[in-house]
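Provided herewith is a single structure, encoded as structure tokens, for subsequent inquiry.
All chains are identified by letter, namely A, B, C and D, in their written order; residue positions are counted from 1 within each chain.
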Amino acid sequence: MIIVAKNEAAAQEIAQKLDQHDPIHPVFVHQNRVALAGIKNISAADQQAIADQVEEIIENHHSAIKSSRAFHPEDTIIKTKHSVIGGKHFVLMAGPDSIESPEHVLEMGQDVKAAGATILRGGAFKPRTSPYSYQGNGEAGLKAHRAAADALEMDMVTEILDTRDVDLVDQYTDIFQVGTRNMQNFALLKALGQKRKPVVLKRGMSATIDDLLNAAEYIAAGGNDQIMLMERGIRTFDSKYTRNTFDVGAIPVLQKLTHYPIIADTSHAAGHSEFVTPLAQAAVAAGAQGLMTEIHNDPSHAFVDGAQALTPAQYQVLATTVRKIHEVIA
Amino acid sequence: MIIVAKNEAAAQEIAQKLDQHDPIHPVFVHQNRVALAGIKNISAADQQAIADQVEEIIENHHSAIKSSRAFHPEDTIIKTKHSVIGGKHFVLMAGPDSIESPEHVLEMGQDVKAAGATILRGGAFKPRTSPYSYQGNGEAGLKAHRAAADALEMDMVTEILDTRDVDLVDQYTDIFQVGTRNMQNFALLKALGQKRKPVVLKRGMSATIDDLLNAAEYIAAGGNDQIMLMERGIRTFDSKYTRNTFDVGAIPVLQKLTHYPIIADTSHAAGHSEFVTPLAQAAVAAGAQGLMTEIHNDPSHAFVDGAQALTPAQYQVLATTVRKIHEVIA
Amino acid sequence: MIIVAKNEAAAQEIAQKLDQHDPIHPVFVHQNRVALAGIKNISAADQQAIADQVEEIIENHHSAIKSSRAFHPEDTIIKTKHSVIGGKHFVLMAGPDSIESPEHVLEMGQDVKAAGATILRGGAFKPRTSPYSYQGNGEAGLKAHRAAADALEMDMVTEILDTRDVDLVDQYTDIFQVGTRNMQNFALLKALGQKRKPVVLKRGMSATIDDLLNAAEYIAAGGNDQIMLMERGIRTFDSKYTRNTFDVGAIPVLQKLTHYPIIADTSHAAGHSEFVTPLAQAAVAAGAQGLMTEIHNDPSHAFVDGAQALTPAQYQVLATTVRKIHEVIA
Amino acid sequence: MIIVAKNEAAAQEIAQKLDQHDPIHPVFVHQNRVALAGIKNISAADQQAIADQVEEIIENHHSAIKSSRAFHPEDTIIKTKHSVIGGKHFVLMAGPDSIESPEHVLEMGQDVKAAGATILRGGAFKPRTSPYSYQGNGEAGLKAHRAAADALEMDMVTEILDTRDVDLVDQYTDIFQVGTRNMQNFALLKALGQKRKPVVLKRGMSATIDDLLNAAEYIAAGGNDQIMLMERGIRTFDSKYTRNTFDVGAIPVLQKLTHYPIIADTSHAAGHSEFVTPLAQAAVAAGAQGLMTEIHNDPSHAFVDGAQALTPAQYQVLATTVRKIHEVIA
């Protein structure tokens, strides 16, 4: 449940009174609001004890309380070295699917930077459907990615697959990415909750909006509030022409329910490069605060997912168009 | 299969040679193209017989051949008395969910016309989940709708539910609408295929893209090529916050596959008025050539689906914004 | 809402007091129960007026009230000339997908009768995805089907696609079948509600349990209570190996919610003959009160859906096995 | 691809000739068959080089080749201390959802053993949607679970969530369980592939059959062939009456495609205890080689998922009925 206190001091007072020293049900305070984790209602006695400090009590609230706008009404703004993410800001993340070589990621980074991207994406650990597909080049990839980002003065975002790799990846990246298959890898989410570095959390293929918010809450519960949520397409009955169904409606729904920045990955949703740009346009028109896009200078020879990669020239057009759309709806 | 002839005369010649006088497998000609309905390949002998006229043969084509861009590469443009639909044109259809009274539909019509709509929507026959819900006011509704459209110099679009009502509805409407529950009511589609009046065909709740094209083909096979396809949200695992999942990706996919205008109904997709406008923005950004939107001046007292109705003022904002987005991507 | 009266006389009394002469909200009586269609609650005054007759009031009931076990606790048993359907009875319906010729349907009928089927299925009007596929042979098929059923002393069930054909089909068939694509063709359901002949209503591809009950209610509201519901597979994200996902859980769920017999069509669910029998076994083990199965003596030359047809010999095995399973769970 | 050799010696010869010393594309041999991982076809030269040893070449095979019946035609039979799993054998796994106390798991174990179960399930690490829900009691739970299994002479199966816990859980359990949310946690699958202990792999909520086979292949690729696959319900558009849609058709489909034992968990599929038994009956009738079932002596006070737990008495009935069904179809 969430208690709206009359002011910040009252919120602190309420929190002290209700703190039950139970690690499973911690009490969180944000400005004039107090969240009681995992608790739906409080007793009449408790209500009376805090009555003087209370403006409103929101009972039976969804369990993702730190992630809720009812607890944290203003937008979360995430500031990295080279980017400002959330609120009215608009951010472009782009790069190759996988880190193929130091030269390649640098070249791709130059192209996306030229188009306005400030965050360089790339995968060193790749979650592939088959064990016999290319699995990424690991730490060598992280190093090459870091070097390219530094050289270009961009931020780096890369996927993390294994709790045992958290410290390793942490040495290199600016932003952790949790992929769709690991959205409910709770051990991983808890480990990232112990970091103080932004996390992009991708929606699972069949995750409901509530599932996504609860997954974010695993990170937030650990104290890491630097979270971005990413819509990347869901699994439905029709996947003949697009790899997934891009759930554009999730964007305004999430913006109503949570304060985290909402980013769209239309590359994985589309699965075919020809639909990446229309979907990106749609995402931004629906209010997405950023885009993640895969590019490749030679898609047919990309190590991974070449079919959905835009060429640098196509990405340039995308970036120009979506900025205009963002201005229209700003 | 589809045969691309060297020119229009050659196409006619091919058609004559291959016409097999079989009503189930008719031969269609469009400019320099010949479509053989329900036939995947032709014999070597037939191929040889037409070799001189042929530029290219597209074998194993999807069964919706008259609806295919491979048969009809240029956009279908539908011209009604007050609207031009398709291609680079952009059209707004709006009005109340159901025709409540002559005065009400006229008032709603004035509001949507003021916002730029040229087609007045409204339902006289309502397909309701429960037999005990309001089922529409039938012919009285059609009359009121027609009168309002005439008074405002707008086109009229209304839903048809029953093959027995086709002639009745035909007396009043400018455009027939086939609803999501009847997308595969093949008797109804065949009956509309015999008319020479535009049809808006809504995608079924779990219809694949191919199902939708084949449903359109039922109308086209009868000789009625004035078809619009409407994306209105599909049924997926998550319907807590929006009534359906608006499949924005279907818009560019359909525009690649077919030549018919693609319209979006974001009212039924959203189910809640607060999400109708972001989805409409997304639809237009993805390339939709028109929007259908439900409005009501007093949503909480609407006969049907008030929760998803925009007020006239909200609709005015929507119309202004989407026109700007349409300009950006034009 | 549903009112449980103290006895049958009390129910009649309640019905008279509450009858509001509103065709949209009729009052139905079944033994000691009164259903108020489309009404969630009654006023305190009304409650007081009937208090002496009332044992229990079920407010906020689902809109499919005539179809509900809360209104009609005992199983509906449907008796046709050659079959008893519902309750503890178990019925086999089988035959070819489409009526190919008088001889063929007779031969197939002999085979399924030998295996224990009492109802001969077959389609004269076929709802095909493409307009260029075989659409059935219409009245000639109905005649051949009727003749075979009569010769074999079996009941006949056939699909109806168009409200304009209701009287025609009624002349021949013993049981109407409404297919998955027409589950929400409300005009057709209303027309069948005016008949006094059993109807098999197939679940729509993406129809929820509630949708199916409401569709049945359209028939029941017209006064036709001879309804069977049929689970035939739903549309989900995976259709590579089976045509649809057979929702076996719908069987016990429906049996809890409604009193109508629940039949399973595992031919359309499976889509491939090798999976028809395991699914049929599962359906019966879950409590299905009957099965509908497609057979063909030469599947590779069947006019429609040969891939899913069992041979007569395979059907014999299926019938034997499922009867044993039915005994185990009886 | 898979090569069927003329005999076992020929298979070894082929493997040696084709072994390309590439860890990503290893060569596997099973009896007279050779599987080339991640390779769709071989060159004409290679084909010629092995022509004398080859009986058949299966090109373009699905990537899950070690898991395929085409590579390993006979059923995998898994033997643990107290159970034989796979083939014509039928196994019951049951127990509480979570390990609540040493006494409770022992009592529950006695009940399920009395009903015929040989494998005691229970969770010490619980993957909960919300971080504020009970997360299991960790190693204390493992110890209590092990003690109960030993005392009852049963096998132990428990879920593993984190790669960092593999060695810890390995010290206690007889069978690892990978839950639905971790089906594509490839790091975890790889870690379990290094063990030589059986793994139950649950199908992900929206995993296709192919996804499931590929996930199993991650374990098999590491050399651990002791795999069971578990159908536990998928996510579809309808979850009002059952928590998930139990995909009973997956059972015969998987049995055709793979040699691993197929087990059904109908507790999580149903979500409500009243539907657990009908679904279990269906699963066994469709061919499932085992069942996993949650029980609790006091469901309303269960730490986790009480709504879906059977009482010991209900479980006894289930076990008796499903064994009879298994005999019918044996």
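Operating definition for what follows: a residue touches a chain if its C-beta (ideal position, glycine included) is under 8 Å from a C-beta of that chain, and two chains touch if they have at least 3 such contacts.
All values derive from a computational prediction rather than experimental measurement.
A centroid comparison over C-alpha atoms places B as the chain most distant from subunit D.
Centroid to centroid, with C-alpha atoms defining each point, subunit A and subunit D lie 32 Å apart.
In terms of their C-alpha centroids, the spacing between subunit A and subunit C amounts to 47 Å. Shared contact sites, meaning residues of subunit C that touch two or more other chains, fall at 206, 210, 235-237.
Taken as a contact graph, the chains are fully connected, with every chain touching every other chain. Within the complex, the subunit A residues that touch subunit D are 24-25, 37-38, 63-64, 127-135, 161-165, 181-182, 184-187, 190, 205-206, 210-211, 214, 217-218, 221, 235.
Against subunit A, the residues of subunit B that register as touching in their complex are 206, 208-210, 234, 236-238, 240-242, 245-249, 251-253, 256-257, 269-270, 274-275, 278-279, 281-287, 321, 324-325, 328-329.
Subunit A makes touch with subunit C in their complex at residues 206, 235-237, 239.
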